[in-house]
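Just below sit the structures, each encoded as structure tokens.
Each of the next two complexes has chain A plus one more chain, namely chain B in the first and chain C in the second.
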Partner chain A sequence: MSDASAPTLLQSLSPGHQPTVEENIERGEIDRSTRLPVLAFFTTSIIWLLIGTVFAMISSFKLHSPEFLGDVSWLTFGRVRPAHLNTVIFGWASTAGIGVTIWLMARLCRTRLRHPRMLLVACGVWNLGLVIGTLGILGGDSTSIEWLEFPGYSTPLLFVGYALVGIWGVIMFRFRAPGHVYVSQWYLIAALFWFPWLYGSVQLLLIVHPVQGSIQAIVNWWFAHNVLGLWFTPMGLAAAYYFIPKVIGKPVHSYYLSALGFWSLALFYNWNGAHHLIGGPVPTWVVSASIVASFMMFIPVTVVAINHHMTMRGKFHLLATSPTLRFIVFGAMCYTLVSFQGSLMAFRSYSKVYHFTQLTIAHAHLGMYAFFTMVMFGSMYYIVPRLVGCEWRSATLIKLHFWACFYGVILMMLALHIGGFLQGLGLNDPNKSFEMITNSTIPYLIGRSLSGILLTIAHFVFAYHFVLMLLRLGRPQGEATLFTTPALSTAHDKTEPAAL
Partner chain B sequence: MLLVTTIIFLMMAAFGAAAVVALFWAARDGQFKHMETSAQVIFDANEPVGAVTDSFPPSQKKTSKTASKEKQS
Partner chain C sequence: MSTEYQQPTPPDHSHLPENAPSSPDYSEDIDVRRLHSAIMREKEEPRDGREPVPLWLVAIIGLVVFWSGAYFMTYSGGFSGMYYDTVPLGGPTPFVSKADGKGEAGAATGGAEGGAAKGDDTLKLGQRFFTQTCVSCHQATGLGQAGAYPPLAGSEYVVGDEKRLAAIVLHGVQGPITVNGQQFNSQMQAWGTTLNDKKIAAIMTYIRQAWGNKAGPVTPELVAEVRKATASRTTAWTEAELKAFK
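Take a look at the complex of A and B:
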């Protein structure tokens, strides 16, 4: 479809507009139509990943060496830590997730991407909001509400930037090619609906017209927990449900289970957040309802775990040859782990130990990093070559990226789980002073900083590799990674896959 | 506060209704029928079931060896 025949935004939004549905569009053409917006979101997300990583390292070092950069007001712990949190969840994770969502939506709707300029504007506005918000936090304007520290003057920009993406998603879904709606699309459309609901509600209730007292904590944790489960999780699972079968060339083990997983996540997750307030001054029924819902989360998680494992059955050897699969399967395994752990954390007896300790930090990183970030890395390894038209430059760099992430995650999990558990036991022991307990965590915090160094190496290696791809300095296309032209596809069909 | 509460309740109602409508639409549209074959919609003639679609790029050494072999032949 040429630009001249492309529908205007008004036409796309008009309920009466009946577009001609394009059928049998070549997949490479669909990929090419997503190039600019997806690369814009990916590029900015990686810049935010690097910025967030630097903030993470500074925060981590400050926990065991408080004097580090202590005389620079805008780099004090109270500013750098929220700057880290917000740049990684909104700057990196959300921006990368939106990029993957755009690409997947176009592929799964089997149609060319509509209104790319609208997405480019969205990317610009979203990033402007991020820059203003981050500078605001560093300048001392943080709202001091966890996961929502961006000052009030930056959030309208984020909301507008996001709204454009949400509207685009609805347009794409409306004008998709006829046929079945794949499970990944269910997750993506749901995420696009859930995020504005979460973000809009919490802005109204905590920033625009703040509710009073402990209700603030309930609203805060309703958002903070749901942004993981109803924004990042659906995007991550959508990617896993697409890429795992697609890479190994085998349909999902049980499509019934995938539908059950989606609807049970939609039903139960929204109630989970209040389990972070066990023992807090909030109505007991709120916490109890949350504990029950957290336990019910075993259903969607088990379903997803069984489905992914059984899909991979007999294909695990491909982990050695596919970078996408390696990252995504690791992420999917961590999804199972973090979700089971999350359900267990809802129990009052377990909460008694882990609450207010480094275990909570471990849990958050297991979800946001080991699951979501690894799935995003894997998705980018699949998508980027199809957009820039060349292979990744170096297998060694990809392997270095993976193993630095892998060992970084393992080290961080060990350090924070052991340190957090001992810290929790200490906090429940009246014979131990707070100072003694705090000092006992220092070796584990140093371990966390070491893991951060590994992750920093991984991120800079990935960013360097990504820049090479943007500059089209990768390898010429031709391996199994690329199927963008019919000629290549036909050639591939006649030969054994290079990976095998 | 009344305005905020009203907006919040309206949003809750709208999103709740959207979920119910989506479920009914899916059932009526036949999205829950033929589920096992539906899992195959991500495959097509160019990337059929059985085709592996991702691998590490070849190492530089391998590439140069292959290139020199091709030149020789």
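Take a look at the complex of A and C:
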């Protein structure tokens, strides 16, 4: 089996190579071996997405209507907001990311999934940790350290749950089929190593044996920023690097750009966190190092953007056809956007305006939602039909999902960017009272709540569609569920059938 | 390309592994072609192209690296754990340069430790305490208010004998007083019980070097000495007493 999977010389040279029947059957076997663990992670991640969305809506409403649920101590802003953050970060994004990682690892290692029970146990322990942690936050046990609010009695479960996945990843990589290691896999392997390093260090330094003074803030932001850049970003980019060339059937533009992008991310990202502490009691050089590293992030981001754009060149018409491609290309474009914005936001002069305003929230959602979450949606649209044995039931539901997300993101970005910018200018104006500035943000916060309603609709539509797939109530296997008929899409390019 | 993706030959089952999955799964489809339809319509697995890195990109990366290095050296704060200011070292630091050049010299050598840089901190602290304590009467400009509060800028009492100045801050002043040729008549509070020696020394250092004043710094030890020498005093100074001081 492994012999057939190694690329032959012909395969490497011929650009128009189509998979042989043997390769197809092998791939089918690999997909099937990932079925239970991947579906377990996907299902729980979508449940957490819905829970996190509800928390998001409650906290968003509270910002402009503070009396909303104001009497329920479990749902006060100080608890619901961290509950939202932690359920979407660890419950939705990480769980979905692990699901996609498992599937990609099996495919890229070109070997059937080993030790599925280990992953099922990991999924169970991880979710148990999430449930206990979320209840802990709502019950008032939050650690009050941003991004790490889960109380100390739940985090060991998360760590163990994660560690099982990490060990599994190393085993899979160890037993991969011989041959070239594709760029997606560099990112996945790196993420699998970076996350325990981040999470373990920060638990040790802030919860188990807290460091003293302003070092706490440095450690906290080192973690909170790196978990974006060294855990979510690699998983998101790995998915984009796999699915874009896969769906359009073209090689990735340049191996050299892939390598440059990967290593410059690995080199610069780790330094970024301290730019959150501009103006804080932190030595100047620490903040300056972080600002410089944030600016240097222009390099990996530009490189990845060029690589993806040049790969897509000539194939943009497929965005009209393929749901996977549309979600992922949207996410990849937002990655470029959010990273450029982040590089600029790191500067002291910009920070003076946006720091402590809603603009920071806009930036965070542009990264975690418009980039990462959209890439995860796109990946799931590709993976799930291959696991459950039927096609997505309705292109209309996928369209509804995409456009509700699209307009939700646009509305949220407009509301929070404009509102946050005006808020920042106001806070710098000594003639304006704090109350006046706070009141002036209310229309924008209502705009954000409206965008939240759109996103909530999108999530429930997606969850409904996913449940139909789990119950095998989708369309029978055969043709992929596409936005437009394949005939229309192949009109541009006769040689290739539409793919999903 | 000519390979028709919809038309696979009936698959040879000898490829399938012996132990086909027996886990609790979805029921298996008998039609293998339908079962694998998602797989069979797939494009090839992603591969790497070999396009070179464009030269203009290399140039841009070079510029980014160069600019970053320049920025970091400007705002490195001498890599000192004690330097917290956003003003670049060696740049325009508003108070140090006016004092006696010592601060700037200290900054140029990159050390935040040592006497010069300490003077810098004392000035900053002095300005802060001045703003908290003195500014409502003597004003941020150091010019005071006509008829009531005397100016500090150019005042003989400020730039003159530091012991007399310390005595004024410790015990206050009452009655008419002439400063810079102008008459003032008001009460100055005694600050000896409110402010400790360190704070008073910082304030004195600041007012002796701000607004064009060019007198030397004051140490907490000197304030302590004056405090001890005038410990028995319970009333504020009068102009006559100050003229006769020491």
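Keep this in mind: the second predicted complex is superposed on the first by the 455 of 500 C-alpha atoms of A that agree within 3 Å, B and C clash if a C-alpha of one lies under 4 Å from a C-alpha of the other, contacts with A are read in each partner's own complex, and residues count from 1 in each chain.
Here is the rule we go by: a residue touches a chain if its C-beta (ideal position, glycine included) is under 8 Å from a C-beta of that chain, and two chains touch if they have at least 3 such contacts.
This is a predicted model, so every value here is computed, not measured.
Legend: residue contacts after superposition of the two complexes on their common chain; A:285 is shown touching chain C, with no touch to chain B.
Of the two partner chains, neither chain B nor chain C is touched by A:309. By the touch criterion stated above, A:180 is placed in contact with chain B and with chain C alike.
Residue contacts after overlaying the shared chain place A:64 against neither chain B nor chain C.
Taking chain B and chain C in turn and counting the residues of chain A each one touches, the greater count comes from C.
Contacts of A:266 after superposition: chain B is touched, whereas chain C is not reached.
By the document's definition of touching, of the two partners only chain B reaches A:197; chain C does not. By the touch criterion stated above, A:392 is placed in contact with chain B alone, chain C being left untouched. By the touch criterion defined above, A:296 lies against chain C but remains apart from chain B after alignment on the C-alpha atoms of chain A.
Applying the stated contact rule after C-alpha superposition, one finds that A:255 touches each of chain B and chain C. When the two complexes are superposed on chain A, the residues of chain A that touch both chain B and chain C are 27, 180, 182, 242, 245-249, 251-252, 255-256, 258, 391, 479-480, 497, 499-500.
Interface residues of chain C, counted against chain A in their complex, comprise 1, 3, 5-6, 8-9, 11-12, 15-17, 21, 23-26, 29, 34-54, 57, 60-61, 64-65, 67-69, 71-72, 75-86.
Listing the residues of chain A that touch chain C in their complex gives 1, 4, 12, 16-19, 21-22, 24-29, 31-33, 35-36, 107, 112, 116, 180, 182-184, 241-242, 245-249, 251-258, 260, 279, 281-285, 288-289, 291-292, 295-296, 298-299, 302-303, 306, 310-311, 348, 385-386, 388-389, 391, 472, 476-480, 495-497, 499-500.
Chain contact summary for the complex, chain B toward chain A: residues 1, 4, 7-8, 11, 15, 18-19, 23, 26, 31-32, 35-36, 38-44, 46-60, 63.
Across the complex, chain A meets chain B through its residues 27, 108, 179-182, 193-194, 197, 200-201, 204-205, 208-209, 242, 245-252, 255-256, 258-259, 263, 266, 318, 321-325, 381-382, 391-396, 398-399, 474-475, 479-481, 483, 486, 489-490, 492-493, 497-500.
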